[in-house]
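To start, the structure under review is shown below, and the notes come after it.
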Amino acid sequence: MGSVAYPLVVALWLLPLAGAVLCWAFGPRLRSACGWLAAGLVGVSFLLAVASWGSATQNLGGVLGAHQPLVSWMPGFDFGLLLDPLSLIWTFIITGVGFLIVFYSIGYMDGDRAFARFFAYMSFFMFAMLTLVLSDNFVGLLVGWGLVGLASYFLIGFWFERRSAVAAARKAFVINVVGDVGMMFAIFLIVANVHSIGFGDVFAAAPGLSDKLVFAICLALFIGAAAKSAQVPLHTWLPDAMEGPTPVSALIHAATMVTAGVYLVARCAPLWNHSGSAQLLVATIGGVTALGGAILGTAQWDIKRILAYSTMSQIGYMIMGVGVGAYEGGVAHFFTHAFFKAQLFLGAGLVIHALHNEQDIRAMGGLWRRMPFAFWVMLTGVLSICGVPGFSGFFSKDAVIYGALQHGHPWIYAVDIVTAGITAYYMFRMLFVAFLGEYRGEAAPDRAGRESEHGTHAPGWVMNVPVAVLVVPSVAVGGALMFGGDNSPWSRFFAPLYGTPSSRAIAVPPISEGVTSLVVFLTVIAGFAIAWQRYASRGAQADAPARLRRETERMPAVLTNLFYVDWVIERLIVRPAQRLGELFGRVVDPHVLDGAVRDLVFWARWLGTLVRSFQTGLVRAYALILVAGAACFVVYYAVAAGLR
Amino acid sequence: MLVLVTILLPLAAGAMLFALPREDRSVTRTVGVAVAVVVVVTLVLAGTSEWSFRWLSRPFQAAFHFGATPTSFWIALLLTMVSACAIAASRVARLRDFVALMLLLEGTMLGLFLARDLLLFALFWDLMLVPVFFGLAGWGEHPATAWRYFIYNFAGGLTLLLATAAFGVIYGSTDVIGRAVTPLVGAWAPWIYAGFAFAFLVKTPVWPLHTWMPPTYSGLPPPMVAVVSAVQSKAGLYGFLAIGLALLPHAVHDYATPLMALGAVSLLYGAVIALVQNDSKRIVAYSSLSHLGLVAIAIGSGNALALRGALVYIIAHGLFSAALFLLLGYVEEREDTRLLARLGGIGWKNPKLAGALCIAALAALGLPGLAGFAGELLVLIGVYQAGYVWPVIVALVAIVLASAYLLRLYQDLMNGPEEADVPVRSDLNWYEALTVAPLLAALVIVGVYPAALWHR
Amino acid sequence: MPVPTGHYVALAAVIFFIGVLGVIVRRNPLIMLMSIELMLNAGNLLLVAFARAWLQNAGQIFAFIVITVAAAEAAIGLAIIVTTFRPARFVDVDDVRSLHG
Amino acid sequence: MTLPFTSADWWAVAPVSVVAVAALLVLVADIFSGRREQRYLSVFIALGGLIVAGVVAGRQFGHNYNAFFGGFLAGGFATVFQEIVLIAAAGSVILYAAMGPVARVAGSIAIMLWSACGAMLMAGAANLIMIFLGLELLSLGLYALCATDDRTSSRESALKYLILSSTATAFLLFGAALLFGATGSVQLADLANPSQVSNPLFWSGAGMFLIGLVFKLSLVPFHTWTPDVFEGAPLPVTAFMSVATKAATIAVFARFIYAAVPASVQERLLLPVWIVAGISMIAGNVGMLAQRNLKRLLGYSGIAQVGYILVALAGGTPLGLRYALYYLTAYALMNLGAFAVAAAISRDAEEGAHLHTYQGLARQHPWLAAAMTILLLALAGLPPTAGFLGKILILASSVSAGFVWLAALLIVGTAISLYAYAQVIRAMYAAAKGQPSQARPFVPLACVSAGICAAAVVVMTFYPLTPSNVLPLAH
């Protein structure tokens, strides 16, 4: 189903790839121009996305949005692009927020010895992510899925002379491959039963499939989603991923890539709608992740890791939202989260950059006086993520939470509310410890090769402008789009895909939306209050260093060890595999298998010595052997003659 | 006629090089590369044209019958391409003899893949062992490896011989490859198939007949091991496709489960060993044990889609294993070692080398968009369609393991802090880069549009 | 009253067996050679006997040829034995065993 | 008085006579020749005679003739075997000129030619008398030839060969006598009538007759003489023995099983032979392992190779006979070529026999080493050599004849043999360790002969000439 805007779609898809290739090929020559080049191309593709808005929402002959096959491997294996409201939203974030972050990076990565390579990777990532969200079939989705994993691998391990970065990158990649493999299995199930990989065909066929099969497909798909979106138990790579440069964390590990799982579930809504158990599974995992991430967030000291766990927790919200069936709610939270989390990361980036790579909030403090801009940025971000009424986060989070109730999941509803409180606690904790009180850090030694080489310098406008721009949507976009329930522009935008929220509502909630908002707000206040009492109150400020040290010492082991998930994986999977490898490589291969063959050779030689042992050299012995043989012959012929 | 030229040209050139009076490296390399490139051209020009000449009329019809089938054409193209790259990349001592051997190897293997006659196939099967044997004996690390290689594969060749003779006697003709023949059935079929299968399994190799392979692959000089692992190891799989499935389909089908079981075991066994190897070449060796198990599974499933995938994967594996071995050769050349423990941080000073190795490794671990992925996906979809679930699951596990050991290979070589004790290195120069560029390009092309392989 | 052929066959068999035993047990090459002659002559006896039984003179011709050949064989044999044992004092084949294995 | 023979009878044995006369000429020429050019003169006279004989025999190929009252069948079958014998003789005679100085060249050559006459008679022999005569003529010559060298090992080999071979001959004679007794005729053809099936004389006779043949073929357990005699005898003699004896004996054997054995009992009658053939294929090849002497190694290899040839005959089909001939020809060329190489690199009669002499041969004489490699690979049955195609043909005929177990044993034996022949190749391509490999003589004649053999072995793969019209008996 072609459309006017289709070439635009192809163009906006390929522009970042062009950027990647150019930066990769001519990086050394272009040098700093690379940044501008990459940013420019992404910006253009953002404009193209805006330009193709109309065609994305149009509905021609039953096909929503711009869709057209590009290339065909074989019948049923057609590849094409699909730009519909869902992918359009993601495209906006990828290209829009992406543009701002790339722009920011020009300042942030300034002077890095691999400057060009960084922008090549960033552009490549955006191309891959666009492939993921624009593809009109599962294999294309999987391709994008794998490629974003690769991009994230490259960027996590960007400073690859650091062993920790290399290890984190490998961990992230392998865990994501586990997810890819899950999706592959889903594709096998789909092809074996539907004989097509196109979204259209599959969703059309979904009602005809058996519940068990649909559940299996959803499960396999969700393995991929969980790995990509850092859902329990495949979440352990995300905190380590913070080894990458901060803009990377902002774009890939906060705004876009990690939300691919949300996209997947939202995209495959027709499948999930046919399997209540799958919905429950997803929602539950989301809830566990949200809660677990929040709890772990309270125990972190590294500013980026705090943000990482908050990301994990917020994605938990989104997954819950799409899981229970409140698709536009989950997507809405993705939308707002992209802004305020990017803003938080970039703000943190300003701080880290200024303190030449100090990331431990215990070594910060009192920064609001030194860098007020960063402080206000962080503050608005925190308010937004906590869902303080009026800020964007409030509307989206509210939609998710209330959606859980609307679709009859009171437990998840409860978990949401609790998590909201914890979120408020640890976010304000970060804010207070880092920005209030007195500066505790001694000028941190400049670790060579990490971040930019030259020491403290006030972030230039190149870094400030994007952050400032991000503040606007993270404060306002929610109110602008998501206010008013079914009639909100947001709901109407998604109505063609999902219908209105209340139309899908299962139960009429005993509690009204307003009350929910109130409850949530109260828990947030509570969380804020505890954080204030512990870190910001006058008493707390008095002997901050001692208190922090004490807190560090008293930190429960279960939290410092991150619930022992890594430990279990190491002991149950990695080590046994390696032991097995040692066994096979050292014992079985050389001694058992090859040994068997060597034994054959040995026996052949033994037989040879046996044969030669008859060659005594004695004529009479030879004669005897001869005669013995002759005797056997004679006997045989005597018998044979008798037998006839 | 052109197809005959394609086969005889490298053979003649190889023999001529032996006659070359003295060691002249530049002349040798020029001749070698020129011939190899010309062979690529003639092969493409020859296409699927045929050439035939009567050989035996009794006890069965046999002919010197050459000509590419749609399947073998691609493998032959792979062979000529890899050979060209490998010869260009040859930088060993006694270059004249080495390049001569490489050309002989190419010629004999072209003969194998282009043979349309079983007897001819068997002839080249044994013949192609000889150059590798001398390669191992002359340039390998332990001469004993040469003997192990030879004895293992010669044993396979003998069962192949017996099976061929039996087939010829029963069928009346061995001029059967790549033509629509009524499949052989009856009490004999399983035994004949067993004879073929043993040879093919040894050559591929498949667990537990693989123990000749790791020492061979790690012992051979990089250019030759590139050709051997990329193409010679495919002789067995090609045999399964062109002989097993074409002539003895019932036997293959009846004994599919053992075949797939062996393939599955190879998949995991090779992958698990590759996880912990310290010798980079051995990692790739065991990885190819693992990867080719997948093709064995595809063949066992007999599903059409899986067989398409098998062809794609055969080509893909050829490309990336050749690239990997050539690049590891460059690394070893620079560092005088290939032990992961002693290497690291090469990437900073060698971005080209690192990038190339990265692409090859990613193709090997089945990154979407590269050739390996297309093959894997089609194979596994097909196998699953055919109703086999457990091999699919095993394969998926192996894919995860592959990502682990191949990243380990790449990162331990290229990433991490630079080792203090390693000498200052120079990056690939344009000539070296040119020797692997075609392979990497082909990896991308096949990965993006594998359909090219069966839309002929 | 003629002797039945069977007797000749039996006799020949016995002579032949004696010859075989001689080759195996005796250590003196000369006597071994004699034993071989014995075996050949057993054959001759058979030939002649059957020739008479069948009234076919081919048997006699065969026998004559065998005798001739045997003579030649003896000649060569003696020559070889002489050359072999010229250095030795006693003639014993068991001393001749430099080739083995 | 007038002889009852027509000129055609004499024409039938013309090739044999030519060779015999050539031998006389060698002796005569030797009297008048001086010391120096002596051996070359003898060799060239002998070669000339052999070539003439070969041409003459070739003329006979087309038309079979039943000479001397059915005693000798010329043409076809006989011709092919005679040509092989002549090739063997030529290939061996050349070695006398190729090697370092050896004693009594002229005499040895003459005797060798006469032995060849015996072998040629066996090739055509169609009755028991002729078989015995030919066999003894061949053997007596060889006894003497073995002793021509001055080494104790040479004399020892002669003694062993004499005693054991004569014993076997006695068995053969006794069997022949019994067969004569069974039918009252010495003609092989007369044995073939079904009435014999129930005749104990026939059975026992056939048994003892076969013992004699199997000994000459040196099949296990009648092989014990082979390694010692091969090692002890002078190089050319070993070469001649390894080919001519086997060729002639196989001729007799083939004629016996094709012409003299009633088809109904063939399977039961010949089973022991196939069994020993099977054993020989294994025993011969494992015996080769860890041998240090080329002649001894080739002795063991001969044991196995004859086993292969018998496998071809196992079917008892005319086709099988043709494949046997094909492989026999190939075998003759391989062995003669290998011995030629051995002679080419030996300064005295024995040097070429020791494997350590081959250390690093590839460095000094790459082409000689290449030829040797081809010949050894041919013996092992690798392509592109006649050994490979021969094995295929043999396997095919044995499979079609239902002797799969023999085919399997052949495969196993071949696998082992490769390892054994590889010892030599390994030695040649290994760097000469220890002593700086001394400059070796380069004898063009031997190299030519080796080259021809190697080339022929390769060419035979692509032009598999399996002569038709080789009927064991003219009907």
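A, B, C and D are the chain letters, set down in written order, and residue numbers restart from 1 in every chain.
Quick note on the criterion: contacts are C-beta pairs under 8 Å (C-beta built on N, C-alpha and C of every residue); 3 or more make two chains touch, one makes a residue touch a chain.
As the structure is a prediction and not an experimental result, all values here were calculated from the model.
Among the remaining chains, the Cα-based centre furthest from that of subunit B is the centre of C. If you average the Cα atoms of subunit B and of subunit C, the two centres end up 66 Å apart.
Between subunit A and subunit B, the centres computed from C-alpha atoms are 37 Å apart. Subunit A and subunit D have Cα centroids lying 79 Å from one another.
The distance from the centre of subunit B to the centre of subunit D, each centre being the mean of the chain's C-alpha atoms, comes to 44 Å.
Shown for subunit A are the residues that touch two or more other chains, namely 601, 612, 615, 617, 619, 623, 627. The set of subunit D residues touching two or more other chains comprises 159-160, 163, 167, 171, 227-228, 419.
The set of subunit C residues touching two or more other chains comprises 20, 23, 32, 93, 96-101. All chain pairs that count as touching, in label order, are A-B, A-C, A-D, B-D, C-D. Taken together, the subunit B residues at the contact with subunit D in this complex read 55-56, 58-60, 64, 119, 122-124, 126-127, 130, 134, 137-138, 143, 147, 150-151, 154-155, 158-159, 161-162, 164-166, 168-169.
Across the complex, subunit C is touched by residues 128-129, 132-133, 136, 140, 143-144, 147, 152-153, 155-160, 162-163, 166-167, 169-171, 173-174, 176-178, 180-181, 184-186, 227-228, 231-232 of subunit D.
Subunit C contributes residues 5, 9, 12, 16, 19-20, 23, 29, 32-33, 36, 39-40, 42-44, 46-47, 49-51, 53-54, 56, 58-59, 61-62, 65-66, 69, 72-73, 76-77, 79-81, 83-84, 93, 96-101 to its touches with subunit D in the complex. Interface residues of subunit A, counted against subunit B in their complex, comprise 71-74, 139, 142-147, 150, 157, 160-163, 166, 169-170, 173-174, 177-178, 180-181, 184-185, 187-189, 191-192, 577-578, 580-582, 584-585, 589-590, 593-594, 597, 601. Interface residues of subunit C facing subunit A in the complex, by the touch rule stated above, are 20, 23-25, 27, 32, 93-94, 96-101.
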